[in-house]
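Structures follow.
Paired with chain B in one complex and with chain C in the other, chain A is shared by the two complexes that follow.
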Partner chain A sequence: MKGRKKRFQWGYLLLAPALGFILFLEGSALFMMIAQSLGFLNYTGEDAFTFAHWQQLFSRNFFDNLMYSLKIALLASLICLAVVYPLCLSIQKMPGKKTWLSLWKIPLFIPALIACSLMGNIIAYNGALNTVLLALKVIDKPLSLRNDAWGVGALLTQVWKNIPFMLLILYSAIEAVRKDVLDAGRNLGAGRVRLFFEVTLPVTMPSALVATIMTFIKVFNDYTISKVMGPIYPSTLSNLMHKAAYTLNDWHSAACIGCLMVVTSIIFVKLYTWLSDQITRRLS
Partner chain B sequence: MENSLTIKNVSKFYGSFQALDKINLAVPEGQFVTLLGPSGCGKTTLLRIIAGFLSCEEGEVYFGDRLMNDVPPEKRDTAMCFQSYALFPNKSVYENIRFGLRMHKVPKEQHKKLVEEAMEMVNLTGLGSRRPYELSGGQQQRVSLARCIVVRPRLLLFDEPLSNLDAKLREKVRVEIRQVQRQLGITAIYVTHDQAEALAISDRIVTMSAGRIVQNADPRTIYERPNSKYVADFIGTANIIPCSVESREGDRFVLKCAYGTLRAIDRDCTLQPGAQASLLIRPEDLFLAAPGSENAITGTTRTVVYMGNVLDMFVDVNGTSLRAGITKENVVTENAPVTFAVKPDRIRILEA
Partner chain C sequence: MKRFLSLVMVLALVFAMTAACAEASYTSAADLLTWSWDDIEAAAKEEGEVTFAIWSDEAEYNQICSLFTDRYGIKVNVLAGDKNTIMDKVLTELDGKGSIDVMYLSGETVNGLIGADALTKGILPIMREKDNLVPGLSARKEGVSNADGIWVPVTTSPAGFLYNADQFTPETLPQTFEDLTAFIDANPGKFAMCIPENGGTGQAVMESIIASLTGGLDQYLLAEGNVCDPALLEKWSAVWDWFNEHKQNITFTTSNSDGLSRLNSGEVWLVAAWNSNVRASELDGNLTINHGLYVPEMGLCYSGEVMSVVRNATHPAAALLFIDWMTTEEGQNALGEKNSMTARTDMVNEGLCLLSPEDRARNMDWMAACYKTEYIKEFTVNVLQ
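On to the complex of A and B.
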């Protein structure tokens, strides 16, 4: 008996917009980047397979920039997480919480350059922070926080800019924790802090993980804030990539840096996921 | 016997709305007390005040001799079974039940034994490693019960725990709840709007309406000797019609109503001849009788419904409806004349 020919399922076409977006926009950029890192698709005409660009990449300069990017991204995402949890819990209990939430979202709409100027005014040599600390006699001379070697200025700006983003994700997750479940916990003898670690934290861990990973990737790939507020050297990999492509006109090295940024992001996403699984398991 | 719980003049307001109005209640140790009433009568508010989730504007709550008004929920030594089970979604059944032991700092080496005992009591043996979402509604409520009893609380609180279960399971779990409570001798406060559940499970029923206690009595008294039309109507099915007291001799009354002239014996009634009142006859207290019998009521059947265990009938008596429930062995057809009778001591006289 002849096998029946399978009919084409027209419903699959509904996937086209999403698949098209991923395959065309993201896939093509990824393909170009990998190809360029291997010597192909050169804008200036040279077009040959080579590992030379990868070999040149692993210099002290690259590792300094990589470590700086990781440091700022890791610290910014963890500080945001540490700030956002208590913030969400206190907003939840505040009268007029909708207004408070709207106010906290304001930094989301401020462009990075404006955020840098704002933070610059606060942490400048004669800025608000130094003035207050000097007046309170906490310090005897103004702190140099803008464009400092450690990256405090960039870190503070990243935290300020990303807290609302994380708040947006985590607040709805915390709101979704059922009140009767928390009541049951209190009823069985758990205080508020214990209840947070026993129930709220594990239940909201998946959302916290998403928020942390997204913040990490945003900060890791940042260009503007590091350029304006960060140290002259080292800087983020995005700055290094920009310098390679536009100042040195070396698009192949820029593509290699791009590839490594993607790989690093994937490694850290895996790492965060593993870590949060461990924490959730321990708290359950 | 010492009172486990004493509530004195407790009032609660939500803005200008008064949810509880000077509630007074004493619950002896080991009793199973049900707060019964329709939605919005204040029963859950009272339960949440007892648990410490809500504070009251006026009045005092005592556990034994200890004033609890300012004691937070985690220090009250109560445990509550919620309508929605409220299990910790991130924990296994075993860990859910063990939670209270950890919070009460019970030595670790006792945990396994106590949790397994509690699981056995509520027929959950072997399900310890499951997550709440892997359980049926009935099993989840059993976990919730085990989680409460494992800590041997001073007060076991139930907030409509069976509302989300189907009818058959509801009956099964309510029997289990009662058995466990009796076995452990823990004082229990149970909130429900289901009068059948309240009658089946309680030592005492506290009937509430609009933030007040209307009647606080044992189930038999609540059902057979309700103190008001409200309680009579809310608990079970009832024929309640206006009547007038024609004469009285001690606790014997002659009443005139739409069903005719009836004799009643009611030791609680204080009404005098000439007073307007309401008369209560439970459908199951009516029985088929020959015309002319004592307390005979004659009418025409309008609807006869076969309910399995009884025949549920609506009878037209002089333009007034009478509901009767008689054993299924009787044969009654619709639109036929029928005569019922009721014993005088099965008629209750209530204030109009």
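On to the complex of A and C.
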């Protein structure tokens, strides 16, 4: 018996907006970036296929910027995670928790540049921090804390800016933990700490993973906060990319850096997923 | 005879119409460069509008441009955006007609736009006030040559050392390179400069230090084919040695305005700054301490705004007329009212320049572009790493 020709399922068209976004917007940008990294699509000079831009890329400057990007992304996402769990658990028990949640989300609506100004005012030469330290006689003259070599100013700004983002994801996950399971744990004699590590953490681990990965990628690819608050040297790869394209007119090297940013993000997403699987298995 | 006369008249009419049509047909600003200003004005009025890309205060430029509209009846669409975004827009629109007609060129974008052949050549020579425009900025902008007449200067902004007047007397202000070194050693962290990749004032300081340590600026003004002379670059080891010896005592800033805010907070006492930024900060209330601006004897560069017509402008005649108007007394006074110093050598904007004429005479030209690119790259490798 001949198989009947399968009818076209019109429902597939519902995928069109998402596929269009991925294929045309992201796909074309990726294609242009890869082509530029190989010497094509040169807006400001000759086009020619070459690996020379890749060969020139791996300098100390690049690796310093890469390590800084990884360091600040890893630290910011881990600090946010460490802050957000206790914060969610505290808010859960607070009276008027909806108001507290709304207040904690305020930094989400503040642009990165404004966040930098805010943090800059706190750590400025005659800012709040120096004023307090001087008043307490901890220091005898104000400290120069802006653009510190360790990137503490940038890290603080990133943490402040990303805590609400993580809170948004994790709070719903923690709220969804079934109360009867927690009650059962309590009946069996588990304390708060044990309940957290043996019930809440394993159940919310997938959400924590998503929040951590997204924060990591956001911070890793950040331009503004590192530019304004970060150390003079090194900076994030986005800043290195900007400098290559706009200050040195080297769009091909900028495209190479962009390709590596995408690859590094993918590697770290994979790494986090593997790590999370391991932790979830152990905890459960 | 009648027939012959009729034939001659018809031929003359056809010839006149062809000539008129030929003159009226143009596709770009380059086609208009041989036209008289009356014809350009007529064509501009026919076009009716012009789009002008800027990266500063849109409201101020709307006021300035309204004077042009009042005079010629040509609407100016002011497009405000980031300077790099404007460049990206021009580059991506190079095929076909571009939506931007006239733009300011910055030190960061001028090389990219010239490299992409995005700008109309030969516009400076046709400007009616070209002989009264500041010669240095007409010839070069931040090290890039204007031999092709691509841009027209419309404002100037000299760089100087901005100082906390409570910490200096006129006699103690560092004037020479040796004075500056001694000040840095005696007052750790009190001298600030922007890193060269992030701002023009950092580049101005770099050029001054390179000139002081390697035998003057003149040798760097020209570079054949925009290629650096290796023999000159070898001399720069003295510059990197000097920076490495003193960098612990220098405060490096992330932008031109960062230096101003650090001076105002009392963190630093001496910083390189643009006259225009200092003036704007005074008016905005962002510079509240007792301060002064001067150009040291070792010299500092000057810059300014220059305008150019995009090669594939949709309104090329209006674009040329608009730039020409910007260099007139009316245009320059309008810019002056918004705190931009004139680019005309025969005009003075009272109260805008914070520097004395003696100080202005110490403002230097920029090195050729290849040297600028080189010290930006090498500063990271030799000083920051």
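Just so it is clear, the second predicted complex is superposed on the first by the 264 of 284 C-alpha atoms of A that agree within 3 Å, B and C clash if a C-alpha of one lies under 4 Å from a C-alpha of the other, contacts with A are read in each partner's own complex, and residues count from 1 in each chain.
Just so it is clear, a contact is a pair of C-beta atoms (placed from the backbone, for glycine too) under 8 Å apart; a residue touches a chain by one contact, two chains touch by 3 or more.
Not measured: the values here are computed from a predicted model.
Q: Do chain B and chain C fit side by side on chain A in the superposed arrangement, or is it a clash?
A: fit
Q: If we overlay the two complexes on their shared chain A, which of chain B and chain C does A:N126 touch? Say first, second, both or neither.
A: In the superposition, A:N126 contacts chain C only.
Q: Applying the touch criterion given at the start, work out whether A:T280 contacts chain B, chain C, both or neither, answering first, second, both or neither.
A: first
Q: With the two structures laid over each other on chain A, which partner does A:V228 touch: chain B (first), chain C (second), both, or neither?
A: second
Q: A:R194 contacts which: chain B (first), chain C (second), both, neither?
A: In the superposition, A:R194 touches chain B alone.
Q: Contacts for A:D180 in the overlay, against chain B (first) and chain C (second): which applies, first, second, both or neither?
A: A:D180 contacts chain B only, not chain C.
Q: Specify the angle subtended at the CA centre of chain A by the CA centres of chain B and chain C, expressed in degrees to the nearest 10.
A: After fitting both complexes on chain A, the angle is 150 degrees.
Q: What is the contact status of A:Q9 with respect to chain B (first) and chain C (second): first, second, both, or neither?
A: It touches nothing on chain B or chain C.
Q: Between chain B and chain C, what is the tightest CA to CA spacing in Å in the combined model?
A: Result, nearest C-alpha distance in the overlay: 49 Å.
Q: Of all residues in chain A, which touch chain C in the complex?
A: Of all residues in chain A, those touching chain C are 43-45, 60-61, 64, 124-126, 142, 144, 146-147, 227-228, 232-233, 243, 246-249.
Q: What does chain C use to touch chain A in their complex?
A: Going by the criterion above, the answer is residues 84, 87, 91-92, 94, 108-109, 111-112, 115-116, 189, 195, 197, 251-254, 258, 261-262, 265-267, 373, 376-377, 380-381, 384-385.
Q: Contact residues on chain B for chain A in the complex?
A: Counting only chain B, the residues touching chain A are 51-53, 72-76, 78-80, 82-84, 86-92, 95, 99-100, 103-104, 144, 147-148, 151, 157.
Q: Under the stated contact criterion, what part of chain A meets chain B in this complex?
A: 178, 180-181, 183-191, 194, 198-199, 202-203, 280, 283-284
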